[in-house]
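You will see chain A twice below: alongside chain B first, and alongside chain C after that.
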Partner chain A sequence: MQVLIRGWSCRDLRGGLRNLSVDLGTPPARWTLVQMPNGTGKTTTMQLLTAVLTAHDWTVDEVQALRPTVATTSGGFELRLLVDNQPLSLAVEFDFVAGTAEYSTTRVRALGGGKEPGILLPDLLRAMLTKDFARLVVFDGELARHIRDLKRNEAALAIQRLYRLELIDTLSQTAERYLESEKLRALSSRAKTNAGLKKKQALRDEAEYQLGQLLVEREDLDRQRDKHFEDRARFEGLITTRVGVDSKRKALLESKRADEQTAVADTRAASQRLLELLRTPATVHERVLARLRALGGKLDQLKLPQTMSQEFFHELADQDVCVCGRPISATEHDAILARAPHYLAENQIAIINAMKSAIRTATAEHDELQRLADAINVADRRRRLAAEAVQALVEDAAAEGDLAIAKAQSDLMRVANLLAAIESRLEVLSGPIPAGADAWKRNIKAAQAEFEARKRALDDATETRRLALQTAWLTDVLHRVRARAEARLTEDIRARTNQKLIRLIPSESIEVARIDGALVLSSDEGGARGGVSEGQSLAVAYAFLTSLFEAASYQLPFVVDSPAVSLDVRVRREVASLVPDLFHQMIMFVISSEREGFADGFYAKPGARFITVWRNQAGEVNMSQDLAVFKAFHTDVEPDAESAGVKS
Partner chain B sequence: MPKGTVDFFKAIGVARADGTQFGTQFATQFDEYYLCLLVGLDARRLGQVSDLVSTGEFIKDYPTSFQAQSTVIAGLLVDAELDRQLIGAVDRDAIQQEMLRLLDHNSATGLSSVGQGLLNQYAAGGFSIIRDQLPSPQSLPDLLRAYVHIWHPPDAAS
Partner chain C sequence: MTEPRGLLNSRLHGESLTPNLDLTMPLDPAVRDALDDVLRDEPQSDELKSRVRQLVSNWFDHNSTDDDVIRVVRQVRVNIEQDD
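This part shows the complex of A and B:
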C-alpha cells in the first residue's frame, strides 16, 4: 500500500494558519522542504497532520487553543492524500464556540463516495496509524532527540504494526473462537447436565476474568513504573545540570558517573558468568568432583548397573523352561517375579550409565570461581567509590545553597520509594507462584494455571477436549512462528540500523545493542545513559527509522520537523545523503540554519520542492515556492514579494 | 521450595517470564533452589519436610540451563544418600536398592518421587546453612561472592 501527501490547507487557525494552502504537485514531489520560521504555525501543522491521520479525539481546551481571535467562530484543516493512486482527503472542522471538532473524508468510490463524516481510511491503514505509530511517521524534533526514550514497547510495537505480525494472532483468535462456538453448541445440546456444565463454564469465566484483571494491573504498574523512571531521569538530569554550573565540577561528575557505569557493567558480567559456572555442580569445588568420581569408580567396581534388568526376569518368568534348562513351574515363576524388583529396570540402568558418563567428563574450575568472585569485589568497590564521589559532588553543590538540587534530591527519594512499592507488587504479580489456595487471585502464573485447569474441566465436560488440544497446538505453533518472525525482523532492523550508524558516525563506535521494546545502545548497557550527544541520538533515530521503513510493504510519507538542527555539518551531510533514498516521500520542515549541509543537498535533486512561508509586517502569512527565495530567506528579512512570486 | 527463601532472596528477585529484568536477577527461581541444594548435598544436611513450602510440584522438569546437569544432580543425591545411611562401598545390593528407590528414568528429572522429595529436603538443609552463614543478600553479585566464600573460605584459600 502506498500513501502520498498531495498537500494541505488551513483556514482560520492560530499562528500563521489563517489562509494557507500547500500543494505538493501532481504527482506529489518526492522531497519537499518547507522553510517555516517560528511563529508561522509549524508545530500546529505537525499536530494537525497527526490528528487527522489518527482521528485524534479533541478536547475543548485543545480546540480553543487553535482559535486565532475571539471573533473567529470556526476554522478548518484539510489533508489531501493519494492512497494507492486514489485521491482521498481528510478534513477537520473546528467549532470554536462549542469547542468541538468534526472530521470528514472525501473519497472516490465505485458506489457512493463524496464527502462522508468521520475519518475513513482503508482498514489496514487505520489499524496501523495509532497515535504512537503516527509519531514515527509525523516525526517531531522532540522525539528525534529522545529516540531512546521511546516508551518501553514503542519500537517493538512499530515493528509489529508495520510488518503486520498481529495477523498471526488473528489466526489464533479465529481458532479460539471456533473452539468457543463448539463449546457453546455442546452446552446447549446437553440439556440434562446443563446445570453442571454451566457451573463449570462460570468457574472458567471467573478464572479468565481474574487473569485478565491481573494482566491489566501489571500493564498499569508497568506504565507507572515507566513514568517514574522518566521522572527519575529528569531529576538526575536536573541535578547534573545544576552541579554542572561549575565546569570543573561538571567534568568530574561526568567522569565519576562513567566510572560508576563501567563498574556496574563489569559487576553484572562477572556475576552472570559466575552464575553460569555454578550451574555445573562439579565446577563448584574439587570435593564435589572427587565424590562424583568416587561414586563412578564404586559403581564400576561393583559392576553396577548390572546387565540384567527387571524386564529380563519378567520375561523369564513367562517361559516354560529356564535358561539353565530346568522347567519353570508356578513356584519358580512366582519366585522369579518376587525377586525381579531387586534388579534395576532398563530405564534406571540407562540413567545410571548417563550419570557415570557425565561424571567422567566433569571438571572442577574453582580457580575461575575465585577469580570471578574477586572481580565482583573489585568492580563493586569501584562502583561504591564512584557513587560516593558523585554524591559528594552533589552535596557540595547543594551546600553552596542550591535549593533546586535539594528539591531534586528529595524528589528522587520520593520516586525511589514509589518505584520500590511498584516493584514489590510486580514481584507478587509476576514472580513465582506464592503459597496459599487463593494464589491465583494475586499471581499471574497461578491465575494462568487455574484458568487452564478450569478450561480443561470444561473441555472434558463438553467433550471438546480433542478440539481444545488441537487448538492449543495450533496456537502454540502460531505463537512460536510469531516470536521467531519478530526476533528475525528485529535483528534485521537492528543490523541495518548499525550499518547506517557506521556511515553516519564513523569516528565513534555507537551501536544499537538490542531493540528490547525500546532502543538500547551498547553504551546504555552499563546502567544510566550517557556519552551520546543530541546529534548522535538524532543520527540513531534516522538510522532506526529508515531501517524500520525500508523493508516494509507499506510506503508511507515521512514528515519531519527540524531534521538537522542539532547535527554538526558533517553528520548533516551524511544524513542528507543517506535519508532521501529511503523514503518514498519526505516532507521536511526546516529553519534557515538547516540549509547549510542539509537542505543544500537537495538543491540539485530533480523534482524536489522548496517552499518558504513567512509572516509579513502586517502579520499575514506569505508563501513562495521559488528556490531562490528559499536559499536567500532569513527570518528577520522579509523577501521581496514581487520577485519571489509570493502568494498570500 | 524451602520455607523462607522468597524473603531471604527478596532483594535479588527473579527475572519476569517476559524477560524483563529490573537489574541483575536470577533467571529462574530454580537458581535459588539449586544454590541451596548444592550446599545441602555437600553437607549431607537433610531438612525436614515441614521446612518446605507446599506449592504443589515445584520441579516437574529442570529449567533449560540445568537440564544437562540432571544426571549429575541425580549422582550427587545418590552419593549423599549412600553416605548419610552409612551404606558401605562394597554393599552391592544395598547400593542397588538405593538406586531403585531414588531413580526413575521416566520422570523429567530422572528422579523417583522419593528421590525428588529427598532432593527438596537437601535444598531445605542447604538453605538453613546459607541462612546461618550469610545475611540476606542485597544483590546477586553480593550473594555470589559470599556463596563462593562458603565453598572456599578465605582462610582456607590463603
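This part shows the complex of A and C:
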C-alpha cells in the first residue's frame, strides 16, 4: 500500500497559519523542504498532521490553544493524500466558541463518495496509524532520544505494526473466541442438568483472574526495579565522580566495587550448583543414599511395579479365562475392572521405574556439597568486606565535608532497600512453586498450573476437550510463527541499521546490539550511555527508521522536523546522502541553519521542491516556492515579494 | 460469520469497500518462512499444514472468514487422551 501527501491547507489558526495552502504537485514531489522559521507555525503544522492521521481526540484546551484571536470563531486544517493513487482528504474543523473539533473525509468512491463525517482511512491504515506509530511517520526529533530509551518499546511496536504481526494474534483470538462460545453453548444447554458446570467455569475464571493479577504485579515490579536500577547507577556514578576528586581514593573505590561484583557472581554460581545437587536427595548424605538404596531393594523384592499394573487387569477382564483357569463371566469382568484402579497405572509405573534407576546409579556427593557451602561462605565474606571498604571510602569522603556524597549515599541505601524488597517479592512471584495449598495465589508458575488444571476440568465437563486441544495446537503454532517472524525481522532490521551506522558514524563503533523493546546500543551494554551525543543519537534513529521502512509492505511518507539541526556538517552530509533514497516521499521542515550540509544536498535533485514560509512586518504569513528564495532566506531579512513569487 | 472480515470491519466502521481500491498486500517473507519452519516438524497431515498456510495468507489479505478459521481448527488431529 502506498500513501503520499499531496499537500495541506490551514485556515484561521494560530502561529501564522491564518491562510496557508501548501501544494506538493502532481504527482507529489518526492522531496520537499519547507523552510519555516520559528513562530510561523511549524510545530502546529506537525501537530495537525499527526492529529488528522490518528483522529486525535481534541480537548477544549487544545482547541482553544489554536485560536488566533478572540474575534475568530472557527478555523480548519485539511490534509490531502493519495492512497494507492486514489485522492483522499482528511479535514478538521475547529469551533473556537464551543471548543470542539469535527473531522471529515472527502474521497472518490464508486458509490456515493464526497464529504463524509469522521476520519475514514482504509482499515489497514487506520489499524496501523496509532498515536505512537504516527510519531515515526511525522517525526518530531524528540523520538530520536526515546528510540533508544530502555523504558520505551516503540521500536519493537513499530516492527510489529509495520509488518502487521498483530494479525497473527487476531487469528489466534478468533479461534479462541470460537472455543469459548462453544463452551458457553455447552454450559447453557446443560446448565439445568448439571449445576456443577457453572461452578467449574467460576473456578477457571477465578484462576485466570488470579494469574492475570500476578502477571500485572510482576510487570509493575519489573518496571519499578528498572527505575531503581537506573537510580542506583546514577547515585553510584555521582559518588564515583565526587570521590574521584582524589585519584588514589577513586582507584581504590573502583577496585573494591569490582571485588564486590565478583563476589556476588561467585556466590550466585555456587548457589546455583548447590541447588542442582539438592534436587537429587541421594547426593546430600551417605545415610540418605543408604536409605534410598534400601527402598530400591524393597521395590525389587516386591517385583514392583511389573506385577501391579492396572493395564494388566484391564486386559485380564477382557479375557474369557482367568490366569488361574477359571472362566471370566460378566460378574468377574466387572469385579476385576472395579478393583483395577487400586493398582498402579502406566504413568505411575514409569515414575517408579525412573526412581529405581536413579537410585541404582546415584552416588553421594556430600564432599561437593560441603565444598559449595564453604565457597558460598567465603564469597559472601568477600562481598561483605568489599562492601564495607566501599562504604568506608565513601564515608571518608563525606566526612571531609562533601554533602552531595552523604546525600547520594543515603539515597543509595534507600534504593538498595527498595530493590531488596522488590527482589524478594519477585522471587516468590517468579520462582519455583512454593509449598502450600494456596501457592497459586502467590506464584505465577503455580497460578498457571492451577489455571490449566481448572481449564481442563471445565473442558472435560463441557465435552469440548477435543476442540480445546485443536485450538491449543493452532494457537501454539501461530504463537511460535509470530515469535520467529518477529525475531527474523528484528535481526534483519538491526543488521541493516548497523550497516548504515558504519557509513554515518565511521569514526566511532556505535552499533545497535539488540532491539529489545527499544534500541540498545553496544555502548549502553558497556555501561557508557552518556557517550552518545545527540547528533549520534539522531543518526541512530535515522538508520533505524530507514531500515524499518525500506523492507515494509507499506510505503508511507516521512515528515520530519529539523532533521539536521543537531548534526555536525559531516554527519549531515552523510544523512543527506543516505536518507533520500530510502523514503519514497520526504517532507522536511528546516530552518536556515540546516541548509549547509543538509538542504544543499537536495538542490541538484530533479523534482525536489523548496518552499519558504515567513511572516512579514505586518504579521502576515507569506510563502514562496522559489529555490533562489529558499537559498537566500534569512530569518531577519524579508525576501523581496515580487522577485520571490510570493503567495500570501 | 460468513462475511469476509475486511468487509465486516468496514461495515462496523460505517464504511464500504470501494471496488477500485485494492488494499491487499502479500504475506511478508519473514512470516511465510516462519510458518514453513514451525509447521515442518508438526505431526499433522500435509493437507492440514497447507490449509494453515492458506488460512494465514488469506487472513493477512483480509480475505478469510471466522468460518475458515473454525474449519481448519476442526481438522487438527489431536490425541484426546493426552495429558496437559
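The criterion applied here is as follows: the second predicted complex is superposed on the first by the 395 of 648 C-alpha atoms of A that agree within 3 Å, B and C clash if a C-alpha of one lies under 4 Å from a C-alpha of the other, contacts with A are read in each partner's own complex, and residues count from 1 in each chain.
Definition applied: a residue touches a chain if its C-beta (ideal position, glycine included) is under 8 Å from a C-beta of that chain, and two chains touch if they have at least 3 such contacts.
Just so it is clear, the model here is predicted, and its values are computed rather than measured.
Q: For A:Asn377, select first, second, both or neither according to whether it touches chain B, chain C, the two together, or no partner.
A: first
Q: Return first, second, both or neither, reflecting whether A:Arg466 touches chain B, chain C, both chains, or no partner chain.
A: second
Q: Applying the document's definition of touch, where does A:Arg326 land relative to chain B and chain C: first, second, both, or neither?
A: A:Arg326 sits against neither chain B nor chain C.
Q: For chain A, which side has the bigger count of touched residues, chain B or chain C?
A: Chain A has more residues touched by B than by the other partner.
Q: Given the touch rule stated above, what does A:Gly118 touch, chain B (first), chain C (second), both, or neither?
A: second
Q: May I ask you to decide whether A:Leu274 touches chain B, chain C, both, or neither, giving the answer as first, second, both or neither?
A: first
Q: After the superposition on A, what does A:Lys248 contact: first (chain B), second (chain C), both or neither?
A: It touches nothing on chain B or chain C.
Q: Which partner chains sit in contact with A:Leu165 here, chain B, chain C, both or neither? Use first/second/both/neither.
A: second
Q: Mind working out whether A:Val477 is in touch with chain B, chain C, both or neither, as first, second, both or neither?
A: Only chain C; A:Val477 stays clear of chain B.
Q: Applying the document's definition of touch, where does A:Lys445 land relative to chain B and chain C: first, second, both, or neither?
A: first
Q: Share the list of chain A residues that count as touching for chain B in one structure and for chain C in the other.
A: Overlap of chain B and chain C footprints on chain A: residues 347.
Q: Which residues of chain B touch chain A in the complex?
A: Spelled out, the residues of chain B in touch with chain A are 1, 6, 10, 13-14, 16-17, 19, 22, 24, 26-27, 29, 31, 34-35, 38, 42, 53-56, 65-66, 69, 71-76, 78-79, 82, 89-90, 92-93, 95-97, 99-100, 103-106, 110, 140-142, 144-145, 147-149, 151-152, 157.
Q: Which residues of chain C touch chain A in their complex?
A: It is residues 6, 9-10, 13-16, 18-23, 25-26, 28, 30-31, 33-35, 37-39, 42, 44, 52, 55-56, 59-60, 62, 66, 69-70, 72-74, 76, 78-80, 82-84 of chain C that touch chain A.
Q: Quick check: in the complex, which residue numbers of chain A touch chain B?
A: Per the touch definition, chain A meets chain B at residues 267-268, 270-272, 274-276, 278-282, 284-285, 287-288, 291-292, 294-296, 298-299, 302, 304-306, 341-345, 347-348, 350-352, 354-355, 357-359, 362, 366, 369-370, 372-373, 376-377, 379-380, 423, 426-427, 430-435, 439, 445, 516.
Q: Can you list the chain A residues touching chain C in their complex?
A: 1, 83-84, 86, 107-111, 118, 120, 122-124, 126, 163-165, 167-168, 170-171, 174-175, 178, 347, 452-453, 456, 465-467, 469-471, 473-474, 477-478, 480-482, 484-485, 488-489, 492, 553-554
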